[in-house]
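After this come two complexes, each holding chain A, first together with chain B and then together with chain C.
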Partner chain A sequence: MSNASRSVSLYHRLVVWLLFLILLLPLAATLLYSLATQWSATLLPSGLTLKWYAALWSDSRFLIAFGHSLVVCVGALLLAIFLVLPLMFVIAYHFPRLDALMNVLILLPFAVPPVVSSVGLLQLYAGGPLPLIGTPWILIGCYFTIALPFMYRAISNNLQALNVHDLMDAAHLLGASTFRAALLVVLPNLRKGLMVALFLSFSFLIGEFVFANILVGARYETLQVYLYNMRNGSGHFTSALVISYFLVVLIVTWAASGLSRDKS
Partner chain B sequence: MSFLSVKQLHKSYGSTMIFQDIEFSAKQGELVTLLGPSGCGKSTLLRCLAGLTPVNGGRILLDGQDIAALSPQKRGIAMVFQSYALFPNMTVAQNVAFGLKMQKVDRQTLIRRTAEAVELVELKGFEGRYPHQLSGGQCQRVALARSLVTRPRLLLLDEPLSALDARIRRHLREQIRSLQQELNLTTLFVTHDQEEALTMSDRIVLMQEGRIVQSGDAETLYTAPATLFAAGFMGNYNILDAAQASALLGHNFGQQVAIRPESIRINASEGPSAEIIGHTLLGNVIRYRVRTMGIELLVDVLNHDASALRTRGTHVTLGIDLSAAREVA
Partner chain C sequence: MKGKWLATLCLLPFLIFFCAFQIAPLIWIAVNSLKSLDGWGLGNFSEILGSPFYRQAMRFSLEISVWSSVLGLLIAVLGSYSLRQVDSRLRDFVTAFANMTSNFAGVPLAFAFIILLGFNGCLTLLLKQAGLIEDFNLYSKNGLILIYTYFQIPLGVLLLYPAFDALREDWREAASLLGASTWHFWRHIGLPVLTPALLGTFIILLANALGAYATVYALTTGNFNVVPVRIAALVSGDIFLDPNLASALAMLLVILMTVITFTHQWLLRRSYHVKR
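For the complex of A and B:
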């Protein structure tokens, strides 16, 4: 390798590292702050402690909020699986032309800003035959629409790579009913796309704040709403909360990327 | 008594006719090839026989039973696809065993018959592999084993060799043929390749634009094409109009005449003289282009000896037997 190309590659590496540092800095500072006994008048924290984490993980209000977040996310994702998977199979197998329509539909949750749609949802579900505002149900339904694009994209890529028609034909000729063929032959091949979609939507949904705050708020406190309500308390405590939340998302994302890689 | 007989079968999508008036039959253990250019309806016909596509009318009699209204699961027909259609989430053994599992045969029988089928296609030792770990030829052999394991009454092969390279294709072709004969399995084979059709079939059904043009054994289809299309499809026939043929052969013809290139000799002692205007080397055969009386002809000669090659401009004497000329509609 010549001198010039070595210095170029050094330059490239420097830029990447710099970018990485800039992105990492706030997180590292938060981590340090969450571990500090006190950090106000000095350049470095005066001592390190885990007491903020201990306080956080023994706070029943935090644990309940965490539980609420999990219930709402998992509920929304379960709803998505049971509605979207059969829907996508039917579209791929019987009505491939509807795919274009679905591609427009799944963009709608992104096209309308959350603040706007939450006001609409407030009006619709505050009273009337379905008074859902303030219950976790409204969040599950709402999060379902947010998860839809992730699910649809990932699974539809997976389905297109699969020759669904020939596989179904082969299974039919070997004596399988349409239901069994879909269950035994098509579904197992969608596992990868499904897993990626689930983990991706999970990390996204557990950090959702706008809908949770406006539609439900303190009546069914989720993690982000709890964080928001604690904003006037100790900064060390909320830092511990942010880092804990970040770790959960990191683990989930890492698991997703591990699963999306080929086993072979 | 024919084992499979198809009567008056027709199929259309709206006003688009896919095929009509399809009538043919196959004896027990026969391999019948449906041959034709792409878009002639042969693959759709095969799917209709399998029950994957409904027909608009006609009867399909298999072993004396009309199966036209049965679902594909109940027909006892197996099919091998051009795309292999192996289940990617299952191993070779699981793929092969799938049909037996659907039939709910007991576990011991399932294991024994799966092993037999895998051995039949010479894939012993590959049972634990996944389809993406196999070559194209191996994949198609798994698909074949998967079809044979349920002991179908009829085997359908939909261009099973088209996605494979030439050497594997020849080998698998022979393997399929010998398995089919060994099991005495009635088989329908769809292809657009006339060489494949000629080498494998007991009988050939030639299709064009949704109709059967001619059917018969390979010998008949090759030496006695009934129409211009058949002559053009089955070999590299020289097609002459009535006047040209009459002049060249000294015999009165009322119709167009087809002459196979290998039935013309270029070293005859007497006959029309011609000039070589080019040649193509096909390996074991040299194909000359010659001109005589303003007519261009193709002449195939065995490639005995490199020194015997006639160069462009050489004058030769053509020998054409009257019996080799065939009038076609």
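For the complex of A and C:
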């Protein structure tokens, strides 16, 4: 290796490490803070302890909020599976032309930020026939729209790689009904792509704050709203909360990337 | 024929939910933005555009979004280009880490930044002791640009990384055989090939920053004047509520985002690495 190319490769390694450090810095500071007995006006904490984590994980309000978040996220993902899978199958098998329309529709959750949607949602569901404001149901519906573009793209890539018509024809020849064929032949082929999409959707749904705070707030406190409401408490305690939350996200994204590596 | 009917029936539940939670709120906003105390018309819009307070919110929103997108893009370009040149173990590790930190936004990020760069943050103290800064106010416009830039970086890296596929190593060799310097290569080959991807990423980052609410709300408890904070304050604040004015402000944001999204789709179609 020549001198010039060695210095070029050193430059690239340096840039990548710098990028890593920038991304790591806030997390590392929070981790250290969550482990510190006391840390004020000095460069480093005066001692290390796990008491903030113990306090957090024995706080019933935290556990309830965590449970609420799980209920809402899992509920939204189940709803998304239930709504999107039949839709995608029908589009791939019967109406391939609708795919173009769907590709425009799934841009909507992206072009309309949650803070905008919640203006209309607050007025539409505050009373009347569907008083959903303040209940977890409205969050399940809204989180479905957030996860939709992501799930649609993942499943649609997967379906395109599969030859749905040939699979269905073969199943029909062997005497299966369309419903049986879709459930027992097409669905198992989509399982891995679907699981990856679900894990990744979960990891960002559990971090959702805007809908949860504006539409529901303290009436059904989720993890993020709880975190926000604890802002005036001890910084060490909230740091332990941030790190615990991040660990959950870490485990979920790690599982997703493990799954997608399996696939390839 | 029966199959087609059943198939159409399968579309129905999706349509109902999508309309209820996505389309209906949007229509409600569009209609009510045109309604004000003195009847139908563009009164809400002219009130917003005539008010220095809302104009300031728009200016701050745009300034923070544009600056954080430019800075985030710059760091992402340098980072993702270098990521391609290092060995695969380091690359996979840092890419996976960037993937994870892309979920590190909103309230937790605001708290992390307070610990790092708040008035008594450890980095603030470190830099003050080193004499590098006089003071740093995280809760100001510059502070917000910094924290927005942080959450733009992982997104930028993840979006730009595949775009560098378009740049083939043999072009660089061919260019240097023909006598081009590194600068010539980037000026005449590298940048033109990457331009659609760069613009597309910039636009996504811009939209991401314009709609961001959780970070700024958690950091300043809604005391910093940007458009999303104003919208939320008009429907769920505790001083005065005006859903119609909120709708008009929201419509302005939606129009801006729609233009941005369509420009992005258009650029995506022209982009080099998609066509290949």
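Quick note on the criterion: the second predicted complex is superposed on the first by the 261 of 264 C-alpha atoms of A that agree within 3 Å, B and C clash if a C-alpha of one lies under 4 Å from a C-alpha of the other, contacts with A are read in each partner's own complex, and residues count from 1 in each chain.
Assume a residue touches a chain if its C-beta (ideal position, glycine included) is under 8 Å from a C-beta of that chain, and two chains touch if they have at least 3 such contacts.
All values derive from a computational prediction rather than experimental measurement.
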Check your understanding: Of the two partner chains, chain B (first) and chain C (second), which one does A:V16 touch, if any: first, second, both, or neither?
Key -> second
Review point. Which partner does A:A100 contact after superposing on A: first (chain B), second (chain C), both, neither?
Key: neither
Review point. Given the touch rule stated above, what does A:V185 touch, chain B (first), chain C (second), both, or neither?
Key: first
Check your understanding: Can A:N163 be said to touch chain B (first), chain C (second), both, or neither?
Key -> first
Check your understanding: Which partner, chain B or chain C, is in contact with more residues of chain A?
Key -> C
Practice item. Quick one: classify A:H172 as touching chain B (first), chain C (second), both or neither. Key: first
Review point. Looking at the overlay, does A:F204 come into contact with chain B only (first), chain C only (second), both, or neither?
Key: second
Review point. So, does A:L25 touch the first partner chain B, the second partner chain C, both, or neither?
Key: second
**Study point:** chain A partner contacts - residues on chain B that touch it in the complex
**Key:** 47, 50, 52, 71-73, 77-79, 81, 83, 85-89, 98-99, 102-103, 130, 132-133, 143, 146, 150
Practice item. Under the touch definition given earlier, write down the residues of chain A that touch chain B in their complex. Key: 162-163, 166-167, 169-177, 180, 184-185, 188-189, 191, 264
**Study point:** Contact footprint of chain C on chain A as seen in their complex
**Key:** 8-9, 11-13, 15-16, 19-20, 22-27, 29-30, 32-33, 39-44, 79, 82-84, 86-87, 89-90, 93-95, 105, 107-124, 141-142, 144-145, 148, 178, 203-204, 207, 209-210, 213-214, 224, 227-228, 231, 235, 238-239, 242, 245-246, 249-250, 253, 257
Practice item. Sort out for me which residues of chain C touch chain A in the complex. Key: 3-4, 7-8, 10-11, 13-14, 17-18, 20-29, 32, 75, 78-79, 82-83, 85-86, 90-91, 94, 96-101, 103-109, 111-116, 120-123, 125-126, 129, 150, 153-154, 157, 207, 210-214, 217-218, 221, 228, 231-232, 234-236, 243, 246-247, 250, 253-254, 257-258, 260-261, 265
